[in-house]
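Read through the structures below before going on.
Each of the next two complexes has subunit A plus one more chain, namely subunit B in the first and subunit C in the second.
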Partner chain A sequence: MTTDQGLAPSRPRRRRRTPVDWVRDGGLSTLVFALPLVVIFGVFSWLPIGRALVMSFQETNLVVTSWVGLENFRAVLADPNLPIALRNTGYFALLALVFGYPLPLVGAVLMSEVRRMKGLYSVLAYLPVVVPPVVAVLLWKFLYDPRPEGVFNEILGWFGIDPLPWLQSATWAMPSLVLEATWAAAGGTVIIYLAALLAVPPELYDAAEVDGASVWRKVWHVTLPQLRGILLITFILQIIGTAQVFLEPYLFTGGGPANATLTILLLIYRYAFGQSLGADYGEATALSLMLAVFLAVMSLVYFRLTRAWSNS
Partner chain B sequence: MRSLTKPTTAVLAASAVAIGLLSACSASTDAPDSTPDASTSDETSPDETTPAAPQDVTLRVVSLLPGSDQAAFDAFDERVAQFEELYPNIDVEAEEYEWKATTFAAQLAGGTLPDVYEIPFTDAKTLIENGQLADVDAQFNALPYAGDFNEALLEAGKGPDGHVYAIPAKSIYGVALHYNRALFEAAGLDPDDPPTTWDEVRAAAKAIKDATGVAGYAQMAADNTGGWQLTSATYARGGRTQVVEADGSYTATLTNPATKASLEFLRALRWEDDSLYADATLNWGTINEKFAAGQIGMYTSGSDVYTALAESFGVTPDSSGLKVSDYGLTAIPNEGADSGVLVGGTLAAVNIKADDAVKDAAVKWIDFFYLQPHLDEGPAVENAKIRFDNGQPVGTPVLPIFSREQYETSLGWIEEFINVPLENMTGYTDVMFDQPVVGEPSASTQEIYALLDVPIQAVMTDQNADVDALLEQAQTQAQALLDEG
Partner chain C sequence: MTTTSTRTLPVAPPSGTADAPRRTPRRRTPAPDAVRGVLGIADWRRRTVRTGMGLVHVVLLVVLVMFGLGPILLLGKFAITPTQDILRAPLEVFPNGVAWGNLHEAWFDVQISRYFLNTVLVAAGSWVSQIVVATTGGYLLSVLRPRYGKVLQWLVLATLFVPGVVLLVPLYLTILDPPLLGTSLLNTFWAVWLPAGASAFNVVLMTRFFDNLPREIFEAARVDGAGPFRLFWSVVLPMSKPILGVVSVFAVIAAWKDFLWPLLVLTKPEMQPLSVRLPSLQATTDLGVLMAALAISTLIPILFFLVFQRMFLRGAGLGGAIKG
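Then we have the complex of A and B:
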């Protein structure tokens, strides 16, 4: 249909397209409609990205600027904190993947099975997303009080479990952050999964039921394959999100104790703002760029690898 | 009709011209600086010349810590009103301010700092070298008392060109030991006989913990304040974290025995006695908060911290946490041959973006708000009275910006308004002028403080932290920073 419509009228007028044609074909209104978006996107997104690219080759405190070539990249790669930040970020991503990724899916599947008061559960699941992150972190900081009378430790005490140091230990700090981050972010993903679940044709379940499938088999053979596309997207979004984790370590621990929660983004922040003297915007942008390139490449590889699977 | 039209047009045209001329005239008479007028008046009667009306200036200054007591803001506003009365052309806009290593850089980079702001001694040199502070040399030297400053303090705000870029203001502190007298009593300790050695500090901390369950001692550990206090603890045990070589280069000496002993002290309190407040994220503000809430027995911080405790952290005569009468201040224990008290302070700086008019106004404000109360009886009494009437602390012990005599004289002026519990601060005030003082390390100060946060946090959170390895690592990183320059 579309090709017919597109080709047939264009053949008789082979003559050059004039600006008038362009306007008549809606080019102008397209441009007018697109312009605000292009301008806003350009000024607030692409300009800073371009500026960051330039800055990564400079040494600058925004007053005095000099070109230093690849020096910033060299300095970042030689920083003894970089391996620590990489390891911590990887650890956060792993924990978030193992505990944080399946949780919303399980929640969504269970919620879709509930017959009454579905709305209530959606609201309850989504509520943490509505709480401003800073408020949530302050609240959780209070809950994570390491003393035996701290809220979580009190609860652990009911089950005869010794108090945990939570944020006050290099071992427990990261899992504590993941716990809060999962609580804070799960609601959004649950809503996405719930919407996707609605799109699964009910006949498939009916057919499975006729075949005598158990609930587990229905989930495994009907629900999951139907959600495949969404699952792939949320997976890569989760990876990108966790690679850029900043808020939790920044607000909970400032990267401590003893750099146990220093993540890549926090390291970037420290380069740029960690010192009162406005340390190193060059190094900060250099590391940002390396992270961006790494994530872009990874996303590309990921979509290549999973293309076959998602199209089938 | 036609005959009428022409004259009407002519009249209209004429009046238009006339109006134009009138407005031209008024414009020329209004302008006070028009050259002929000025030159004539200069020639005829130079004495009667009134200086051109000063330009109207809006001056943005920093006020108090965010979340300070309303009465403290009221007192501040009264001072602003006095200043504006004195200089009607200056309109002061105040904003809340807390210097933090992490937020200051963002404000500096974002260009959102006000015209007058406060910086620690440690930052001035680098900010000046980076061209981030306004040169206020001319305005500073116009002050009648420009030559009276304690030269060592003034040096902190001078650039390589010898010009003054930042002026010692607000307060100069020596690190001291702050303690909760009520907790001392509850633990059966004599609050009038506070600890004078680190062993006594440890014993008191344990006694407080055992008797009351409240942490006996607390330690700043985050946002560079851990490094700041570890450096102070090192000085107090006779060590140094940095030395200047003969050729002017710097060597980091973080693996010195005094720094190790300071960390071992914390480890013992945390893991052997369980008397240390188990939070490795405390900084200057949050440790004040805990202390003011009565959750801490002792901690070290600047000797001037009482002002902040009362203004911003809720230490009042009838507080449910720390009451004014519970506050105790004593000298930090000094042990070892070269031991000394870490001294630091605040400089007032002017935004690099300020033009001459703003710079003039800025130094007027620094003079009026920060310095006059130290120098002149009238302003000193007025300032003290306003603060006293608003229930704000007057007379917190600080080190002198000018001379010791000047400081003691100025305390004499305001004696009747002094409302801080001086009788509970004698452990410090009796020795404050006799203690050997040591300035903060001068090169890469805040960056090395940041590196030192790590070992502090490590010993506070890991029983088996390897102090030697941690300091070795910090030493390597610090030396790299120093070599970089």
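Then we have the complex of A and C:
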């Protein structure tokens, strides 16, 4: 018994365990290893999550805190800006799907077929992802210069297209945001697809060829069904990501022109940090909780899918 | 794909616990000459496929260079172009010569050097905190497995479902008045470093990786008299270099990119990292100098990426799958 102490903490014991046994079995050093996780997650994750639940039913100015029941939720739901923010966020998500969803897939399938320079292509595709988002937005803000001399307008001019107002107009502002966001994110999705394409069993293609399948039929009947799982996952990840879009509207337009790019997260930010009259933490948490419920459902689906997908 | 792709691991641990690693080794990429995708040998013999793929090559290259590299090259050009030229003819190549002075002015006069240092400090501290929490936490949950481990694991996993938005306000208030400390962490780097450690993604990644390490080695080390600390430091960590690399790269890049959180908790300009400082500079700074500042801020992440390419791309491929 003395030589193998601390060998297997889960070993069954006849005697009742005493605190001394616990220490001798390494319980204390185990606790040392648990400390960083428990403290950091406790203070900076679990505690704030609990606090969010409580705060959404309170009103506080950091000195006096009072319970207000559902008042925060009622105020948020009555805010005329909420439908605008919801619609804009939905519009952003929709445009991001139209621009950004098929593009990386097509790119990845083509990239996986070329025989040379694959590495170079991956690097080129991923490069925009590495550019710090703030830098990307500030650079694109200049590229979107609405004057005819502006970079994008000049390029449009080469094709005989009249200058666009880009960020200045309520119609074009959102598509401009999405264009930049797609540029910044597409490379990451391409790499995910490339990894997934490597895992498609070559035998399936061989078998399809034996059956006389053409290239297109192989793509349609082998490649795409094999990517089904990962396609769903990137879809959900994109919804989760776009529902929380903040940086682009905040830095490009600040929500304007005429609230055309006011998103949910921007609204939350305004409630909590953007008001001259004083912060409304209660309303901010109430709205973020409502958004969170939606996102949690999405990530639950995501989690189940990754599980099912990795076990298949 | 799995991060353990560099080694094949025996699956069944001798301890035979119910929670043994469940993952079966995934399909490896076949040897280079056996690699095939949609197109087979027969396809490659066909003329239409060959010309088609030749075309695909050209289109891919043009599109990727234009969209992937184009804006970045443009930024590089703007960084050393006089402001007048950037405004008047942004696409012409140095019509009136090169303005290297932009870089000098950005680095010294606009004090990009200071914000650069702040960014490095923020990234380094966040990296340390993430690595410490993820490695010790993963070791606890995967190797030591105390009775309360299950509960902890569940609590950590649960935070994966809580989007960052929810934390924004309450975490901010926690920083203003942290428990037990009695002093606000606002405008200290701790306000960025410590919350960075609470990354469930990292802990899950580490736990999964440790789950796949061969248990025999742990048992052997224990028989040889290694305590839990020795086992952690001299056995587990050295075996975990691939995953440590991935987590490190993610940690540094995420810290470099982060905007909203440092914007909220680092309100003193002299403490702010580049990402927070650059937007406030745009109003007051000459365009050429601003572009130089943007270019300098991009340089490190891009160099970092080019050097650690494989790790980046492997990590990014992993992004789609925190898997069980």
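Everything below uses one rule, namely that the second predicted complex is superposed on the first by the 252 of 312 C-alpha atoms of A that agree within 3 Å, B and C clash if a C-alpha of one lies under 4 Å from a C-alpha of the other, contacts with A are read in each partner's own complex, and residues count from 1 in each chain.
Keep in mind that, in the parts below, a contact is a pair of C-beta atoms (placed from the backbone, for glycine too) under 8 Å apart; a residue touches a chain by one contact, two chains touch by 3 or more.
Nothing here was measured: the structure is a model prediction, and the numbers come from that model.
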Contacts of A:L198 with subunit B and subunit C, given as first, second, both or neither: second
First, second, both or neither for A:G26, with subunit B first and subunit C second: second
First (subunit B), second (subunit C), both or neither touched by A:P102: neither
Subunit B or subunit C, by number of subunit A residues touched: C
Which superposed partner A:Y281 touches (first subunit B, second subunit C, both, neither): both
Touched partner set for A:L167, first subunit B, second subunit C, both or neither: first
Contacts of A:L62 with subunit B and subunit C, given as first, second, both or neither: both
Partner chain in contact with A:L300 - subunit B first, subunit C second, else both or neither: second
Subunit B versus subunit C as contact partner of A:F273, first or second or both or neither: both
Contacts of A:P83 with subunit B and subunit C, given as first, second, both or neither: neither
Footprint overlap on subunit A, comparing subunit B with subunit C: 62, 272-273, 281
Complex contacts: residues of subunit A adjacent to subunit B: 61-64, 80, 146-147, 165, 167-170, 252-254, 256-260, 270, 272-279, 281
Residues of subunit A touching subunit C in the complex: 6-10, 26-27, 29-30, 33-38, 40-41, 43-49, 51-52, 55, 62, 107, 109-117, 119, 121-136, 138-143, 145, 149-151, 154-155, 183, 187-188, 191-192, 194-202, 205-206, 209, 215, 218-219, 222-223, 230, 233-234, 237, 240, 244, 246-247, 250-251, 265, 268-269, 272-273, 281, 284-285, 288-289, 291-292, 295-296, 299-300, 303, 306-307, 309-311
List of subunit B residues in touch with subunit A within their complex: 99-106, 108-109, 119-120, 123, 126-127, 130-132, 221-224, 278-281, 352, 446-447, 450, 453-455, 457-458, 460-462, 465, 470, 473, 476-477
Residues of subunit C that touch subunit A when the two form their complex: 1, 15, 17, 23, 26-27, 29-30, 34, 36-40, 42-43, 49, 53, 56-57, 60-61, 64-65, 67-69, 71-72, 74-75, 78, 86-91, 129, 132-133, 136-137, 139-140, 144-146, 148, 152, 155-156, 159-174, 176, 178-179, 194-195, 197-198, 200, 203, 222-223, 227-229, 232, 253, 256-257, 259-260, 264, 274-276, 278-279, 282, 287, 290-291, 294, 297-298, 301-302, 304-306, 309, 312-313, 316-324
